[in-house]
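Below you'll find the structures, each written out as structure tokens.
Next, two complexes with chain A in common: one pairs it with chain B, the other with chain C.
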Partner chain A sequence: MSTLITGDRAARLDARPPARPPRLRRWLTGWAFVTPAVALFLLMGVYTIASGFLLSFATWNGFTPQWTWVGLKNYADLLYADLTLAPELRRALWNTLQVMVAVPVLTVVVALPLAMMLNSVTRLRALLRSVYFLPYVTSGIAVYYAWRYVLQPDGAINLLLGSLGLGSLAQPQGWLGNPDTALPTLILILVWSSVPVATLLYLSGLQAIDGNVIEAAQIDGAAPRHVLRHIIWPLLRPITIAIVLLGVRDALHGFQIFLIMTNGGPGGHTDVLGLMTYRLSFMKGLAPTLGVASALGWLLFAGAVLMTLAFGRRVR
Partner chain B sequence: MTAGRTLALVLAAAVGLTACNAAQPQQQQQGGTAASLTMWTFKKSHADALNKAAGQFKAETGISVTVEAVTPDDVFVSKVQSAAQTNGLPDVLEVHAGGEDLEMGASGLLQDLAADVNDAWKGRLLPSTQETGVLTQEKIDSVAADSPMKQGKAGQRFSVPFTAGAFGIVYANKDKLKAAGLDPETPPKTWEEFVAALEKTTAADQGGLSLGLKVSQTGFNWIYQPLAYAYLGKERFQALFAKGGTQGFSTPDGVKTLEVYSRLSPYWMPGATTLGIDEADVAFAQGKSAFNVGGTFTLAFLNQNGLSPDKLLTFPIPPSTEGRNQAISMSPLALTGLGVTASTRDREAAVKWIDWVTSPKGAGIVAKESLDLPATDLGAEAETLLGKDLAALQKYFTGPPETAYEAGDSSFFPSDYDQVKPGDLTVRLTPLKELTAQQAGTELDKVIAAMWKSTQ
Partner chain C sequence: MRRFAYLGLIAYALISVYPFVWMVSGAFKSRTEILEGDLLPREPTLDTLITTWGQLHFFDYFLNSLKVTAMTVAGVLVVYSLASYAFAVLDFPGRRFLYWFFVALLFVPGITVLLPVVILEKNLGVLGTHLGLVLPFVNGTAPLTVLLLTNSFRSIPRELREAARSDGAGEARIYWSVYLPLSKPAHITIAVLTAVPTWNEYVLTRVSISDKALYTLPLGLESLISSEVPRYNEVMAASLIIVLPVIALFLLLQRYFVTGLVGAIKG
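Let's turn to the complex of A and B:
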């Protein structure tokens, strides 16, 4: 047996390393694998970003062969110079800020207790987790349409309120038709759709916390609220930051729910920056507004970067 | 060896496919003259009707036409935008007339048809639509400096009027009128009678007025403007939008028109501000309202949704007794036009198709199938070709010149006129009641002034 092993080792020592392919061939093979991804990135990433950035300094309607260069005019028009665009931007900005603050805060407020509850139950945990994750799985355009039906004057919510004897709370014009309830309603739907992911993130965070730490605190006489405040909450801070940043990002860029459910109405009360960008891009007929839409997109990007930096600095 | 064999197979397949692709046009050329055209429209009802007409056209000429609907409008525009970039446009496009066609043409997407559309061809069209699709010097001068129309030349024709019609047509459900104790055969003659009829149907639980105010400009364009036109007369109405704003919406006359319009407040269908145009029409067809406002084109959509024309009473937005004009007629304007794309490979066949489909015969087939009025003057044959319900809508097109409201006349607007902004303000006036007529007038003057300033 040992002879065999020795012989095998000797044979291996004697054997020459396998012939390596020539350097150029290896280089070509590597690039052959990488090139599609690089080309795709150059085309879909670098080219579109650079093209979009340049477009923000021009006017174009998507058809004409040439762009008309206007320098910083698009940015100036949006911020102050154009008396029709600037007030529209300010109104949309105010609505966006409300969404940006309310959605992440409410998401955290709902998702954390939910995750803690799911973490504490031992039976049917998988089933409950699936149930709470359903809004995320079904989220999308169809869900927004379904919500519209539910929120109509003769929809399920008004019907439910009426049957519970709470008819005075029902909205005769529908929850999206009343300027006072339209934006809060959309915020609640956004929270509803963002809670599942946040809950899962918190749940995974909770399961990663060492049980001995909590047990030690409990032995030292810490009440559940103290455990939450001084142990769980600080340990889940990175997850909270991620959830808040995701919410802020969605508030800045998201427009589908506003487009489908209210189109910014009634009377412009639910207009947001993402929707304004979409409207300037695709709903102005053939007016040359793609440049100003691009400028608004870059302003949004700059706002997002600044906020992320400020947030990161504060958290650090 | 295996790798080499696989490579050889892939190469052979690629060569084969290339050969097939290369052979295809050759076969077509050898096959003779059978031309084949493609066309895009943004209306589903038009696509079905046009495809039916295309069958007849093929039988007569041997040219086959395939029509595809791309809906809704914004998707159509973005598809045309991307197809233009990738050289994937069809041969013929149906586009909005009097604006979109000119912008596309001046941008180089549509061909100039001025030499093709001779006097005889123009003579087949309704008089008020004949020059739609032609870029005029007046239009070039009036548009904003960055408009693509500045690239065009006066006299170029980029589309041929295809469908025509008018906005501001009220549809009433006869059954609901009867249930509310109203005469289902007699339309209200005045605004006051209309509001009284709304009051009755609402009180009798038969529903009020539906309109897709989610697209906020519908209320302003389709109801307020014809109402204000009849109330003030043409010149005074146009002065509401004039530069300088000395006779604007906040003047006593202007405020009065807004006050008259806001009398609709108690009678809007619940949730009207959350409905799109089609959704409001569907709600009306489902019996959720007694009255619905649209255009002549709405009849087809209502019919598609189960409300047949014989159950409808139609009339234009009636004038107020307090106003200047006691009658109103809606001048028909070309709503859509047909254009030949710059990238077509068979211009001759494309022009031939447009010529045929705008002839009384072709237009009659399309109109009857789509229940949409053609821009082609069908003369004495109108009722035979269109059917009595559709032909009946045409009676609102004629009236004394001073009563003729021209929805297509945009000559008095700022060149960057954005109808959404006055639309939003009038929604805040009614149904939201967030603004009084005076406040709405002041705000309207501000947005119109801002539009004039931004066009300088």
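Let's turn to the complex of A and C:
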């Protein structure tokens, strides 16, 4: 960034700037460069956002030619009025909140020590970094199925626990079949997939810290935990904020892993808001739930904006 | 101290590869052996991989996945690289507004617009085609791509631009021969960040593609597990087939990808 500022200043101080093309030409060039992006948004974005928003004030089953306008009823139904939707929403919200808090916190707790250890060694560093990245690059349906395979009742995790003499911890219904372990298991898998990027970011942050600062503190008699707490942690704060914000957004918007691994089960114990929206949009056959689905989608949008604003204000 | 570090690092490396080890082991097991719990197959067999590949027309699905991913990556790189260049260095009315508008779209959840996208595509007549997947995929990457590429173009010293201009280069020329080569790592990062989720995409593909001839690999994989008793050796073989190309791509581009990602987040 600093080179940019000095560059700008140098250009401004230059007594005679190079001749610039006439204004209209410059404008037309600029617009030409953004035209493809804007055109694609006009085609795909404007209609979908506008119609999705309008649909949240109507009921429709996807097949009848007409929408029926109902005003704010969809939002009211979701938040308190409807006797099946409101409790369903509250349960999904509670699960979503657990994911939203647990995943970023655990990601930081795992990734920071990992990055510090990685920073302290020289041999094997490149190899380990590639290995750590595996969960990120392969994240998706194939890996979720591999997890399902090792988590099933006679799967590798239960066998591993048995052979370690921890057979009492094994889950005879499978880790995803037991209502008490299903959500924590999914949270751990989400952490497993988000640790790679977090570790990489922390590692680059650690490498940017001036070694002299830490050395000076050590000469002044600071213990390692003080160095961590008063020097490293504050300097890495922007990275921590980025990791937490990305995690919160993923928790609100993402539901693929829940759809593929448990589809909300057992008994709704892993239902999340994104999955509930998906169900209302595509899984209700001829029932007129599309308006409610849109309303829930916009509540998710509002939630993401509010969380980011609140968090942004706190850290400032 | 260093010994503890290595211990911790190797322990986490094992956690990182854990499901892949079982994926590979399962893919080389026969239908009977998969029911036993050993990690190493007693009689490793290639039959599972071969039959899975053949039975499920995996080659067709593979080509479909490749086509959709390549079109999406190409679309993203062309459309948003040009726009980001304009946001970073050009001067025209609406520049700041458009930039922040694209970035703000980050807050719109994919699931919120999924249903309207399906309705729109039905009306446009592209629902259920590969183009019908590529258009929303490209559009959906807009916020992050614009954010990262604009950042990367901004970090290039302006003097280079002025120098190229005084040599008589036009805007297209400056973009192509000065800015694009200098932000190669950022573009490769975007290519990987787009290719990986597109290759694995399941939700929009599931709700829009019904013609089996147009299936991508994730849908082929899903059809294996939705049968009553999933044969996990075939499921793992199919998973391995899906995962390997992405790993190869990552190893190939890793050097650029890492510097690009770090540079992008820092800026």
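Please note the rule applied: the second predicted complex is superposed on the first by the 282 of 316 C-alpha atoms of A that agree within 3 Å, B and C clash if a C-alpha of one lies under 4 Å from a C-alpha of the other, contacts with A are read in each partner's own complex, and residues count from 1 in each chain.
Following the convention adopted for this analysis, contacts are C-beta pairs under 8 Å (C-beta built on N, C-alpha and C of every residue); 3 or more make two chains touch, one makes a residue touch a chain.
Being a predicted model, the structure only gives us computed values, none of them experimental.
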If touched residues of chain A are counted for chain B and for chain C, the larger one: C
Chain B versus chain C as contact partner of A:I49, first or second or both or neither: second
Partner chain in contact with A:A146 - chain B first, chain C second, else both or neither: second
Touched partner set for A:P179, first chain B, second chain C, both or neither: first
First, second, both or neither for A:T84, with chain B first and chain C second: first
Chain B versus chain C as contact partner of A:F282, first or second or both or neither: both
Set of chain A residues, in rising order, touched by both chain B and chain C: 62, 154, 282
Partner chain C, residues of chain A touching it in the complex: 1, 3-4, 7-8, 10-11, 17-18, 26-31, 33-34, 36-38, 40-41, 43-45, 47-49, 51-52, 55, 62, 110, 113-114, 117-118, 120-121, 124, 128-143, 145-147, 149-150, 154, 156, 159, 192, 196-197, 200-201, 204, 239, 242, 249, 252-253, 255-256, 259-260, 274, 277-278, 281-282, 290, 293-294, 297-298, 300-301, 304-305, 308
Complex contacts: residues of chain C adjacent to chain A: 1-2, 5-6, 8-9, 12-13, 15-20, 22-23, 26, 35, 37, 39, 78-80, 82-83, 85-87, 90-95, 98, 102, 105-117, 119-120, 135-136, 138-139, 142, 146, 154-155, 157-159, 162, 165-166, 171, 175, 192, 196-197, 199-203, 207, 218, 221-222, 225, 232, 235-236, 238-240, 242-243, 246-247, 249-251, 254, 258, 261-262, 265-267
Residue numbers on chain A that touch chain B, as the complex places them: 59, 61-65, 68, 70, 77, 82-85, 88, 148, 152-154, 172-174, 176-177, 179, 261-263, 265-268, 282-288
Residue ranges of chain B in contact with chain A within the complex: 74, 77-78, 81, 84, 96, 99-100, 103-104, 107-109, 146-148, 151, 213-216, 270-274, 276, 416, 418, 421, 424-425, 427-428, 431-432, 434, 447, 449-451, 453-454
